[in-house]
Every structure is written in structure tokens, then in C-alpha cells.
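My questions all concern the structure below.
Labels run A, B, C, D and E following the written order; every chain starts at residue 1.
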């Protein structure tokens, strides 16, 4: 067997093999080590895939050797490679941080099950990304959602439970809407392979079931991606989840839904459905503007640190969708770039939160008052990541905002100016809410609480590695930009 | 052919009547009775339809239904019993 | 007979939305899950409806019979998967409801929200 | 003629669905849900989906009802009559229904052999299965070989749900602080001699029937999921009759976990072995020198994996709910 | 000749079976209280099942289907009465009285009544009577 042939399949098979074994492990450290190793292995596979994609290789894999529309096809292109890197990278770094962070939140006996759920969430997310079959995506979406419900429900606060119940209800509705859409398209085309759908849908593109299907798929996936008016499950789920789960999910869960949404829309609908480009823009552009403005404004007044960052995530989804809704190469490049950069920025912010949580029990802003003195390294990383979130030059966040603004200005006219103003306004609000964290941590006197000390070395190290990633990709954006550009051309390539 | 139709219609009507009883109640036991009756009628319907379709090998399904129906009813009874236990204990606690 | 050909799809739409209504309007968490189960079942009905071919029989090939036509196997395979997914979701949701009841003493959404406000 | 029956059953289905939503007593709603499931299954059967009907009956009407009852006995039976934002919901729901009904008019009619669904992929399955895999049940062939990767995913969905339920219900009960009372010994249906005798009599036949469904899946309706659910139902019957403890002594928790993990592992390993033998993942034709025989062997193996996992997972979920009372 | 006899016989059995199914169904809906309704339901579980499946048996001839039909028949004949017995037992223990619902009960008020009955406490005869009378009071008040 030549492993390079099977890379796309191994991305999913490796965690699948590991999950049953991890459940059977009794010792929590052993389970942790096995999970982290598996995650690291998938990360290496993702890197190998990315290198291959950069070399111009196109990974296509037929499950069970059955040819495409009959069997299930896996496919990895530049867009998938970016998302795979984010998923596996976020999972690995969060797990390393989990060595210190998790014990306080989940009892030792329950940890093996928790880790098994983690690895399944990883497998599910990776499975969605590599799959080229519409129904297969649904199955893996369910694996990843069920596993992430379990992960979020691990939070020690009782409020995690209603939050995760809401997450379950919304997630299932979203997935079922997607299933309805896929069913309607299947009914009209007789195939489940996404690319085959794109070919065969041309004959029936103007018929009502296909139009309704487009609506259901878009709404369902927007629900799972927490796009603005459908985001209400997100803030509480992120706030009450165990800290490392927040790192993992904030970095990739919603982005994978966006990935499926873009893929479906650009591969199947846009080239065939009359006026679909306009519909897409008209539907998503206003929503993304609202997402940026309203979610940022809510974040301004939020008192809980984690919920503040969760609201900021809703706003960032707005930026990503804004780029895509322009339906242009520049816009999509900015969009994919922001998926990548935001994952790094938010990942390191939540990692820093996990560091804080090592010694501070509740995470209201008032609780972290004055902690910068005792935890200079943690707060340093948080400030660095916060700068990237704002989009200060020299950080990764700047690059994607820059690309986004130039894509918007390409539109020209009043719309371009207006959208630029929205982006700038959103960034200004980000300045304010990041400043609030900084203000509390550095300039407010410490309360009467017992003195806190710096987080353990392991978790601090991984936080800093990711935080420096913000700087690295800010100064050396070539890799991310190249990937994003080829991802954008893959998506738009179907549009000609 | 026609006799299958007659039997099927009789079964269907009875299913409707059982459903009406399940909706009407009045006691929970009436509803359980109706569900049980509905289940056995489904078994009969499946058996008849299997012959009607000319595929008697699908009788497996009817067998599975009969089995599941029985287990379902016993689960309901166990549920009643556990509730009665709870009530008894609450009553005892109140007496204490 | 013309319209009867669409009857299944109408039932699908109505049952789907009955379930959806229960999910968004009902206050009780178990009721929400029941609504969710109905919601998912409706989708199964849609898929299975499209597999039927007039005059065909279930796609289990009969030996020695040559001129028999068979219904479409693919939607059935998909729905087998979806049914199992549905029951998994329901089970997980119920486990959450049990935990919520233990933590809050209630499974009514407004009670839970009120209790969270207080704390 | 049969289609008219189906129309009739579907009408009952709508009535039942509305009744479920309106019922204020949750127990009644769960009972009606069992009827809903049976109606659904009968419809599936009439629409030629024998395998699906079997699954819906075993999993929908059987196991789901049992799990719902288990959860009900841990929570509350009656619902408070409060409805949230009814007007908005009503308008959303009506709008979506109209949209869906609008979409129906350009759909192919029920049973139309010219429909696009029956043109592209499906005929290939029907014509190639006898040649490539040579088993009569095309559904099993598609499930086990052509789309085996989906089925693998499905096994892991069950696996995840099982872990999730165990994880959630292994947390301490906050109400346990003052150890409110010694829990009643769960002794099964204690006063019921007759069900006990009949149940004991039937139990081996149920398991036997489950095994029949498992191994007959290539020839008739059935397969791993259905068999796993039926055997799990049988053991649940045993637990209901003899009490939680006896059932757990017969199939202890560790065995259930081993089943859940072992089945999933077996399935994945089959795929890995095919990879090492030079095929793609889950390409069973490399398992034997005769590719058709290899396919059949692969399907039997993975069906066994599916059955073991489903059976173990459903049992573990049932016991997790049932044992929660005794905490 | 024999075939024709069997055919006619199965025809008769199926029709009569259908008749009993229908009778049982009507009885389950129309009869005045729980125990009488249970009697009607049992008709469909025993004689009707026997006749319908018997009719199918004669149709099937000697095939694998016969074995399955007999299995179903035995199964239903065993479980049906058992379920009825257990249900009646549970109803009796929880204090559903055969005369409690003889009075004209308003169908709409029944739902809340259903919840009541399961929580009836039957520790002593006295409490049983009081609870039963409470129920009646409630029913009357509606």
C-alpha cells in the first residue's frame, strides 16, 4: 500500500480507528496522549495534502473503488486544504492546552469518553471537508454535530445544558433542512455527487423543486454556520463549553458549514440557476452587514469574556460571508483568507482565555481585573491575538481585512464606499471591545481576590505558538494568500 | 384479489377506530389499549399486503412488528409500575 | 387520480411543518424533541415517496422472474442511514433533558430561563 | 388500489402528528408517537421500502418509545400550557408549507417511471448488482458496498450518540446531595407472573429471529441495523421482565462497551485491510481471488460490525436511562 | 377439487376475519368503559387474527411463508392475551373502576383526567374510594 494514494481517506480513517480504542482506555492521561497523537497525525496528513495541492496535485479518491456517481468520491482541492489545516491544527493545539485545562472541568472517569467524542468531532469535520458527495456530507455533519454537542455539554456550569440543547435543536433543524434540499435536488437530477449534480441540474434548473432546494440548503447551512439572524444558539454554547472545546469549535465548526455552503452554491447553483449570483448577493450581503454591525455592538456591552469573544465570532462570520457574497475572485480570496486568519486569531484568544481560567474561576471582565501583573505572558498573548482580531498592520488579521476592503472597493460606487465604511466601523468596534479586555486586565486595580499566578508552561507555550502564528502570517502571508487565491479560482472556475 | 381488499379495508377501518380511541382516551390505559390494538392491526395489514403484492417473503416484517409491539406494551407497563413506586414512596415520605 | 400523485408530497409538507411548529413554539423540552422526531420522519417520507415506481416491487431481486421491475434502492439506503441518525439525535437530546431536569428541576423552557436570570 | 390505502394511512398520519403536538400529557404524546411510527412504517412498506419499514418499526416504534418512556419517568409527565411567539411561528410555518406545496407541482408524480431519480444512478445499481456482487437484496448491496462509506459514518453516528448519552448521564446528579432515599430495587414486572412466563418463553426466539434477520439480510429485508435493534429489543424485554440487575449481570456494562467499540473497529478494520491488500478503502473485491466472493465476504463482515455496534449502543443507552433512577 | 375447497375456505376465513376485526374495532370505540373496551380489543387479537392469518395460510400452501405465518400466529396468540392481562392488571391496581366511566363523560375533559388517574394512590381502600370520588367530582364539574 502506498500511503500517499490514500491520504484523503486516511484523513478520516485514522481518527475513526482511534475513537473506539480511546473509549476503551481507562486512564485519562493515556486517553489524552492517544487523542493528541491521533490529532497530530491528522495534522501531518493535512499538511501533506496541502503540500500536494500546492504542487498542483488533485486528490481524488473513490471509496470502495466504485466510480464517481455510483460510489462515494472524496476530493481535496485548495479550499479543502485550507479548511483541513484549520480543523486539525485547532484540534491539536487545543488538545495540548487541554493537558492542564481540562481536569478542572471534567472528572477523570469521564475523560476517555470526552476524548473519544473529540476525536469523532474531528473525524466528522474532516469527513465533511474531504467528501464530494452531498449525502455523505450530511452523515458526517451529523457525526461532527453530535460529537460537538457532547463536547459542549461537558461544561461544568449548569447553564451549559440549556445552551447545548438549543444547539442541538438548531443544529438538527439546519441539518434536516440541508437533507430536504439534497433530497429535492436528487429527485430532479438522480445523482448525489456534487459535481455530477452541477452537470445534470442544468436541464431542470428553472423548475420549482430546484429553486426551493436552493433555499432550503442555504437556510439550513446558514443556520449551522450561525449567520446573523440564525446565530442565537452560538453565544451561550461557546460561553459555557469547556475552554478547550471553545478553542476547537470557535476556530472551525461554523467555518466548515460555510465551506459546504460555498461549495454547494458555487458548484451546483451558480452556474445553472438563472440569476443565482444576484440572489446570492442580495441574500447574503445585507445579512453580513447586519452581522458585522449588530454582533460587534453587542460585544461592546458584554460583560463575560467568553461571551464577548463569541459575539465577536458572529461578527467575523459576517466578514467571511461579506467577501463571498460579492461573487468575485477577489472577494472569495478575502473570504477564504479570513477563514484562515480568523481561526488563528480566535484560536489564540480562546487559548489565552483557557490560560486565564487555570486560576480564575469565573470569567466576567471584572474577575480578570488587574490580572496582567500576575499573568504577563497570558495577557501578552491575548493582546497580540486581539491586535490580529482588530486587523492592525503586521498581523494576520490585517491581511484579510486589506484584501476584503480592496475586493469591496472593486465594486466601486456608493456600495463600495458604504461597505468599506461598514468594515472600518466593525474594526473600530473591535478596537473598543479588545480595549475593554486590556483595560480591565492592565489598568483596573486587582480585586480582593487571592493573588493569581501564571498559567502552567505547557498551555502557555501552545498559546504563544499560535499567537506568534498571527505575526508570522501577518508578515509572511504568501502561503495563505496562494492557497486562498487558488481556492477562490476553484470556486469561481465553475462559474464560467 | 378482492378478498385481500375486503380484509385490508376492514383492518384499515379498525385502525382508524383504534386511533380514534387513542385520541379520545379518556384514561391512559385506554390509550395504551388502543396503541396495542393498532400495533396488532398493523401486523395483520402487513401480512395481507405482503400477499397482495405477491411477495410472501416479506412476512418477516410482520413478525418483527408483532415482537416489537409486545415489548413496547411491556415497557409501558414497567413505566406505570415505576411511577406507582414513586407515588407510594412519596406518600410514605409525606406520612413520615 | 391526477392529484393523488402529489398527495404524499403534501403530507410531507404538512407533517414537516407540524413538527417544526412544535419545535419552535412548544415550551416543553420533551415536546420539542417529539416535534423534532416528527420533523425528521417527514423527510423520510419524502425520500421514500420518490423511490416508488408504478407496478414495481421492492428491490430484492426475485430469482427466475425476468420481466419484473424494481423500485429505486438508493433512497431507501439513504433513509436507513437517516433513521439511525434521527434516533441517535433523539437519544442524545433526551439525555440532555434528563440532566436539565436534575439541574433545574424543570423541563419547561421559560422556567429555565427565569431560573438562569435569578442566578 | 394499494395507493388508495396509502392515501388513507397518510391522512391518519397527519391527524396523529397534529394530535401529538396538541397533547398536553407527554405520556399520551409518546404513545401517539408509537402509532405515528407504525403508520410511517406501514407506508414505507406500501411504497416498496421493505428494509426501511423494518428499520422504522424496530428503531422508531420500538427503541425510541422505550427511550422516551425512560426519559419521561425521570422528568415530568405533564406539560405546562405555554406557547412562545405563536403568531410569528404560525406565519413562518404557513409560508414554508405553501412554499413546499408550490414546489410539488413540478415534481415527478408518485410512481412515475420516467422520473429523473430512476434514470441515472439507480438503474446501474439494479443491473450491476447481480453481476458485481451477486446478492438478491440490492438495498443491502448498495448499503454494504457501493455506499459503504456512508454506512461507516452511520455506525459512528450511533457510536457517538452512545458515548454522548453515557457521558451526559455519568455526571453526578445534583439532587443526590442528601441521598434522598434508597432507590427501589428494580425488580422488573414483579406481580406479573404471566408476562414473565411468556416473555421468558419468547426471549430465545426473539434473539434467534434477530440472528436470522442479520444473516438473511443479503436475501431478504434485513441487515445489521435491523438485527441489532431487534436483538437489543429482546434483551430490553429481558431487562423489563427480570429487572435491571439481572440483565446487567447477563450483559454487563463492559461487554456493551466492548460491543460498541468492537463493532465500529471491525468495520473500520475491514476497510484498512482492503487498503493493505492493495485496494481502495472498503474495496472488498481484493479480499478474495474471486472479486464477487470477496464482495460478499466484505458485506457479511461489515454487516456483522454494524449489528454488534447498534445492538451494544442501543442497550447501553437503554441502561443509561434506566439506571439513572437508581443513582 | 381440493384446491377449490381450500380457496373457498380461505375466502370465507378472510371475510369472517375481516368482519371480526371490524366488530372489535367498533366495540373498542363504542363500549362504555375500559374493561369492556378491552374485551372488544381482545376479539381482534384472538379470533380475528386466527381467521385472517389462517386464511392466508391456506392461500400460501406449503412454502417458507407458511412457517412464517404460523410463527406470527403463535406469537400473536401468545402475546395478545398476555398484554391484555398485564394491561388489565395495571389498570385495576391503579384504580380504574369498571363503573367509573358509566356516567356520560365529556370527551373534552378527558385529557386532564388521564393525568390524574396514574397518580392515584391505592395504599388503602379508603384512599382509593376518596380518590375515585374526587375524580367523579372533577368530571362532573366539567
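Just so we're on the same page, a contact is a pair of C-beta atoms (placed from the backbone, for glycine too) under 8 Å apart; a residue touches a chain by one contact, two chains touch by 3 or more.
All values reported here derive from a predicted model rather than from experimental measurement.
Visitor: To reach chain B from chain A by way of touching chains, what is the minimum number of steps?
Guide: Steps on the shortest route: 2.
Visitor: Stepping chain to touching chain, what's the minimum from chain B to chain C?
Guide: The distance in steps between these two chains is 1.
Visitor: Please name the chain that ends up farthest from chain D once chain centres are defined by their CA atoms averaged.
Guide: A
Visitor: Looking only at C-beta pair counts, which chain-chain interface has the most contacts?
Guide: By contact count, the leading interface is C-D.
Visitor: For chain A and chain D, what's the span in angstrom between their mean Cα positions?
Guide: Centre-to-centre distance between chain A and chain D: 31 Å.
Visitor: Would you kindly tell me how far, in whole Å, the mean C-alpha position of chain D lies from that of chain C?
Guide: Centre separation, chain C to chain D: 12 Å.
Visitor: At what distance in angstrom does the C-alpha mean of chain D lie from that of chain B?
Guide: Chain B and chain D have C-alpha centres separated by 19 Å.
Visitor: Just give me the whole-number Å value for how far the CA centre of chain C lies from that of chain E.
Guide: 29
Visitor: Would you pick out the residues of chain D that each touch at least 2 other chains?
Guide: In chain D, 25, 27-28, 50, 72, 77, 100, 104-105, 107-108, 115, 117-118, 121-122, 125, 147, 150, 153-154, 157, 160-161, 164, 168, 171, 174, 189, 192, 195, 199, 202, 220-221 touch at least two other chains.
Visitor: Would you pick out the residues of chain B that each touch at least 2 other chains?
Guide: As it turns out, chain B has residues touching two or more other chains at 15-16, 25, 28, 31-32, 53, 57-58, 60, 63, 67, 69-70, 74, 77, 81, 83.
Visitor: Touching at least two other chains at once: which residues of chain C meet that condition?
Guide: 16, 20, 50, 57-58, 60, 62, 74-75, 78, 81, 85, 88-89, 92, 96-97, 99, 103, 109
Visitor: Pull out all the chain pairs that touch, please.
Guide: Those chain pairs satisfying the definition are A-C, A-D, B-C, B-D, B-E, C-D, D-E.
Visitor: Contact residues on chain B for chain D in the complex?
Guide: For chain B paired with chain D, touching residues are 5, 8, 12, 15-16, 19, 22-23, 25, 28, 31-32, 35, 38-39, 42, 45-46, 49, 52-53, 57-58, 60-61, 63-65, 67-72, 74-79, 81-83, 85, 89, 93.
Visitor: Given the complex with chain D, which residues does chain C contribute to the contact?
Guide: My answer: residues 4-22, 24-28, 30-31, 34-35, 37-38, 41, 44-45, 48-63, 69-81, 83-85, 87-92, 94-99, 101-103, 105-111.
Visitor: Where on chain C is chain A touching in the complex?
Guide: It is residues 16, 20, 23, 29, 32, 36, 39-40, 43, 46-47, 50, 74-75, 78, 81-82, 85, 88-89, 92-93, 96-97, 99-100, 103-104, 109, 112-113, 116 of chain C that touch chain A.
Visitor: Quick check: in the complex, which residue numbers of chain D touch chain A?
Guide: Residue positions touching the partner: 99-100, 102-108, 115-122, 124-125, 145-150, 152-154, 156-157, 159-161, 163-164, 166-168, 170-171, 174, 257-258, 260-262, 264-265, 268-269, 271-272, 275-276, 278-285.
Visitor: Show me the residue ranges of chain D that touch chain C in the complex, using the header's touch definition.
Guide: 3-4, 6-7, 10-11, 13-14, 17-18, 20-21, 26, 29-30, 33, 36-37, 40, 43-44, 47-52, 55-56, 59-60, 63-64, 67-68, 70-72, 74-76, 79-80, 82-86, 89-90, 92-94, 96-97, 100-101, 104-105, 107-113, 115, 117-118, 121-122, 125-126, 129-130, 136-139, 141-143, 147, 150-151, 153-154, 157-158, 160-161, 164-165, 168-169, 171, 173-175, 219-221, 225, 310, 317, 320-321, 324
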